[in-house]
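Chain IDs A, B and C follow the sequence of writing; residue 1 opens each chain.
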Amino acid sequence: MATITIREALNQAIREELARDERVFLMGEEVAAYNGAYKVTKGLLDEFGPKRVIDTPITELGFAGLGVGAAMVGLRPIVEFITFNFSILATDQIVNSAAKMLYMSGGQYNIPIVFRGPGGSAYQVSSQHSQAIESWFAYFPGLKVVMPSTPADAKGLLKSAIRDDDPVIFIEQERMYGNKGEVPDDPDFTIPLGVADIKREGTDVTIVARSLMVPIALKAADKLQEQGVSCEVIDPRTIRPLDIDTIIESVKKTNRVVLAEESHPVCGINAEISAAIMERAMDFLDAPVKRVSGIDVPMPYAKNLEDLVVPDVDRVIAAVREVAYLD
Amino acid sequence: MSKQTAEQATAAGAEEQSSPDVATQPDKVDLATLQRDRDAAKERQKSRLGGLETETLIELYRQMILIRRFEEKAAEVYSAGKIGGFCHLYIGQEAVAVGTLSALRKDDYVITSYREHGHALAKGMTPESVMAELYGKATGCSKGKGGSMHMFDKSLNFLGGHGIVGGQIPLGTGAAFASKYQGTDQVTLCFFGEAAVNQGAFHESLNMAQLWKLPCIYICENNQYGMGTSLERAMSLRDISKKASAYEMASEFVDGMDVLAVREATARAVERARKDYLPTLLEIRTYRFMGHSMSDPGNYRTRAEIEKYQERDPIKLFSASLREEKIADEKLLKEIDAEVRKQVEESVRFAEESPYPAPEELYTDIYANPIDPSARKL
Amino acid sequence: MGEPLAEIDTDKATMEMQALSEGVLRKILVQEGESAPLGQLIAVVGTPDEDISSLLSEAPAKAAPAEKQPEPAAQPASRTPAAAPETNGRQQAPQESSQSGRMIVSPLAARMAAEAGVDLKSLQGSGPGGRIIKRDIEAAMSQSKAAPGGTFPRSVEPLKFQQAQVATASPYRDEPSSEIRRVIARRLVTSLGPVPHFFLTSEIEMDRAAEMRRGINALDPDLKISINDIIIKVVAVALVQHPAVNASFQDKFIRYYEHADIGVAVAIEDGLITPVVRAADQKSLSQIAGEVRELAERAKTRKLKPEEYTGATFSVSNLGMFGIDEFTAIINPPESGILAVGAMTPKPVVRNDEVVVKQMMRVTMSCDHRVIDGATGAKFLQTVKKMLENPLYLVV
């Protein structure tokens, strides 16, 4: 076990998979010579050369589609977006090509590709560069969507994503690259897609949190423990396929649930989880499902306003106290 | 002409264009000019016959007439309600698919748009599997999940028909990228309409292909209309082959009514791609005789305009050349036609008799590594 | 408190309005024989010496005040203006714990209460807006454990039948209606209005029933058992034997009743009302006879309370006394059927190859086809016929 950052864990995962499989290559803007806009791909050009680590022009739709085409005929591309804000230009290729190719070809062309990069709230870059759009991708059958919250998850899940035979959207949280944690050294360490992780066990309230919200939920759970409330924190890690069974089991145990996310509440993942809980665990609920989401506005620049948008520990605590009927 | 620089190739295209070709100025010609022009085209085509084996020529004819008869039948069964959704016919453009694909090796890749029945047949897919797909049957080439716009055949490296205008262009570029990456000498033929040239995907792809020297041949089937919008109303620089120069890419302008001209130009591009990993843009001027799709009344163009192009019908032109040069007589051509008609009838019978996909098929082919079914309940 | 102050006319019955607080009647604002719309102040109840002038000034000017000597009441109490409560005969709202009249309870608490047999109505919710939540049920359960004789049954066995809303009405159990049931329902409704009726007629030999009636009444002339009482009893017993008929179509589910609550059609001056004999399957003939008589009398003077004429599971309508041989009756939803009973008349019939004269009676059962199918109804009617033709079945 080594203690490393999420950035280093991702770098290790890509490095190991590039070394493991010739068919894997990495492409994106600034991934090679510049060592990555966020330095996730540092050193990879030196190690693997320009055939395997490719700087692209600023042409998101183009290289996303090129990656899908290459995946159709035997390669396994890792396509990096500088941030997922720019993946919006490539959504046609992700949604209309990658997600649907296997289906509309009657099972002939699967697309083993990873689209990855940072997403979610950043620090003070205003509306176009700071947003969480995972629910867009999770909407589509044919895509898998992964959002790690720890260095170990980041490494294990990215390796699984690269080895997976389907298109995977892998969203790293921009604010979390420097977060540290222990990661197994085993080069074959992977974490299966579609399996939630119980980050903390508890009995009174279930908090479902992903990505940036996981450390916040854990901090809230610590404080709530002092107030006598035992929280179970579940990180789905993969939001499609979503491990709803683990969430339902927990809800059946605690009878109360808070769903935390930094994205907009409307049509978000939490709205979906909430509906699934109604459908499958209605009779186990002692309180309405409570969502804690990013405030429903474009991200502002000013620090004080930005802080209001992204859910924090206090908002999670307030929500837990509400469903536990403590106030 | 076998090995050219980009500049030379562009010049060659420009040269063809300067000849008095109806395709460049469709509405400015009278009947006499038209006939003169047709005869000139025929003479040009005849001059290309030399050096080609009779068998090859007959095969080109057979494929074109197969596509024609297949599409006519598709229109018929569509009107009878046997086929649903969109159905874009290829009638009038046969020389493009047949000419280009005849210059390929079997393992080369082909990718195209929703107007792909012709390419699928020319790539070697059976009329049965194409017709059954149109019928939405389990025996269709895409198991009835793709339909008219999404025919695929992995065994033939047919990368499919794609429905988003221009969407297949980056995909074809990616296939070419993979060939180079893998060190094979396969080339990719990437087809699209002239309206797709206005999409960013076209420009992004050409840029990457030339930048990275990818063995991709971009084939713009310029039938002069994107649905009801003529080229004139949609494009500032109408000389599409010239757009390649923005990327320093080789390009040619080709008469798409002459199957042999198409074949020759493609062969040049294929060689460039196979030997030197170089892309080419071919603008192949053609015309669709039918509406944009089966539901298109087509009132944006005149009957006279269509008839003008029908004078240059690629099949009529080619059969005349074959007859006049004594490569095939009327009887042989009739026999081929009859044989093809039987094949098409057979494909309809096959499609009619095939089963619909089982309801369970609804849930297959979404993931290659399927997800836990309980998660699907969500 | 509890004394009748006025009568309230609903669409079905006249009900007494009772004083809801203690005190004396200080002022009558609406005189006897007059009527007042809903919500209008009709009288003031208070302590004898209370100042009621501000209340009176709010009353409509046209109401002529008529001072009346304060009558002493049991105990002095605080004043309460007695306004006519909003009551609707069709939707009698049983008194419930929560203010809005709707009980708020978390899904979990509802399930726990059902499983533990905790009566939610007896609980005060501690959640927002009085929501009954898990901890309230837990508290109630631990309380009932501590005091075994307390209000909460200790059994954790889920109740097979739920308590009906109308007090003393039959408990029932709801089973989801099958898809085919729903389709049948939809299709039949489109052809024959909301309740698709069909009719089954049977002729019943009544000699033995008549004999039994004579025999019982000979024992005690005060009993005054009628043939109709016997029919009610027989129908009730048969219903319990045929649960599929003692049911009601509720769209998404079918409600099966544990007891047979029989509605008895009684003609009144300006219409018809069907007072209900609750759990008639369990009552003796004399009980049924007494109850029917008493209910019918009050029905004729429109003195029935809503819970006395709603919530039957099946009805019997008898027009025999008007000399009607045979007729069809309309089902009173959500009941699943009604038995139309014709006159008993002597008729020549063939018995053992001989023509004999027997007391014959024709009954026609109207069935709600959404819940009862032909064969189901026929079997039920067979049982009715069998028991009426040989009433000894009632005692075996």
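One rule holds for everything that comes next: a residue touches a chain if its C-beta (ideal position, glycine included) is under 8 Å from a C-beta of that chain, and two chains touch if they have at least 3 such contacts.
Values in this document were obtained by computation on a predicted structure and should not be read as measured data.
**Student:** Tell me the shape of the graph of touching chains, choosing from line, ring, star, complete and other.
**Tutor:** Basically the chains just string along in a line.
**Student:** Name the chain with the Cα centroid closest to the overall protein Cα centroid.
**Tutor:** A
**Student:** Taking the mean of the CA coordinates per chain, how far is chain B from chain C in Å?
**Tutor:** 78
**Student:** Just give me the whole-number Å value for how far the CA centre of chain A lies from that of chain B.
**Tutor:** 41
**Student:** Could you grab the centroid distance between chain A and chain C? Build each centroid from C-alpha atoms only and quote it in angstrom.
**Tutor:** 60
**Student:** At least two partner chains per residue is the criterion; list those residues in chain A.
**Tutor:** Residue numbers touching two or more other chains: none in chain A.
**Student:** Residues of chain B touching chain A in their complex?
**Tutor:** Residues in contact with chain A: 109, 111, 140-146, 150, 152-154, 157, 159-160, 162-164, 167, 169-179, 181-182, 200-201, 204-205, 207-208, 211, 364-369, 371-372, 374-378.
**Student:** Could you please specify the touching residues of chain A with respect to chain C in the complex?
**Tutor:** 255, 282-287, 325
**Student:** Mind pulling up the chain C residues that touch chain A in the complex?
**Tutor:** 106-111, 126-128, 133-135
**Student:** Using the touch definition up top, name the residues of chain A that touch chain B in the complex.
**Tutor:** 25, 51, 56-57, 59, 61-75, 92-93, 96-97, 101-110, 112, 141-142, 144, 164-166, 194, 240-245, 272, 276, 280
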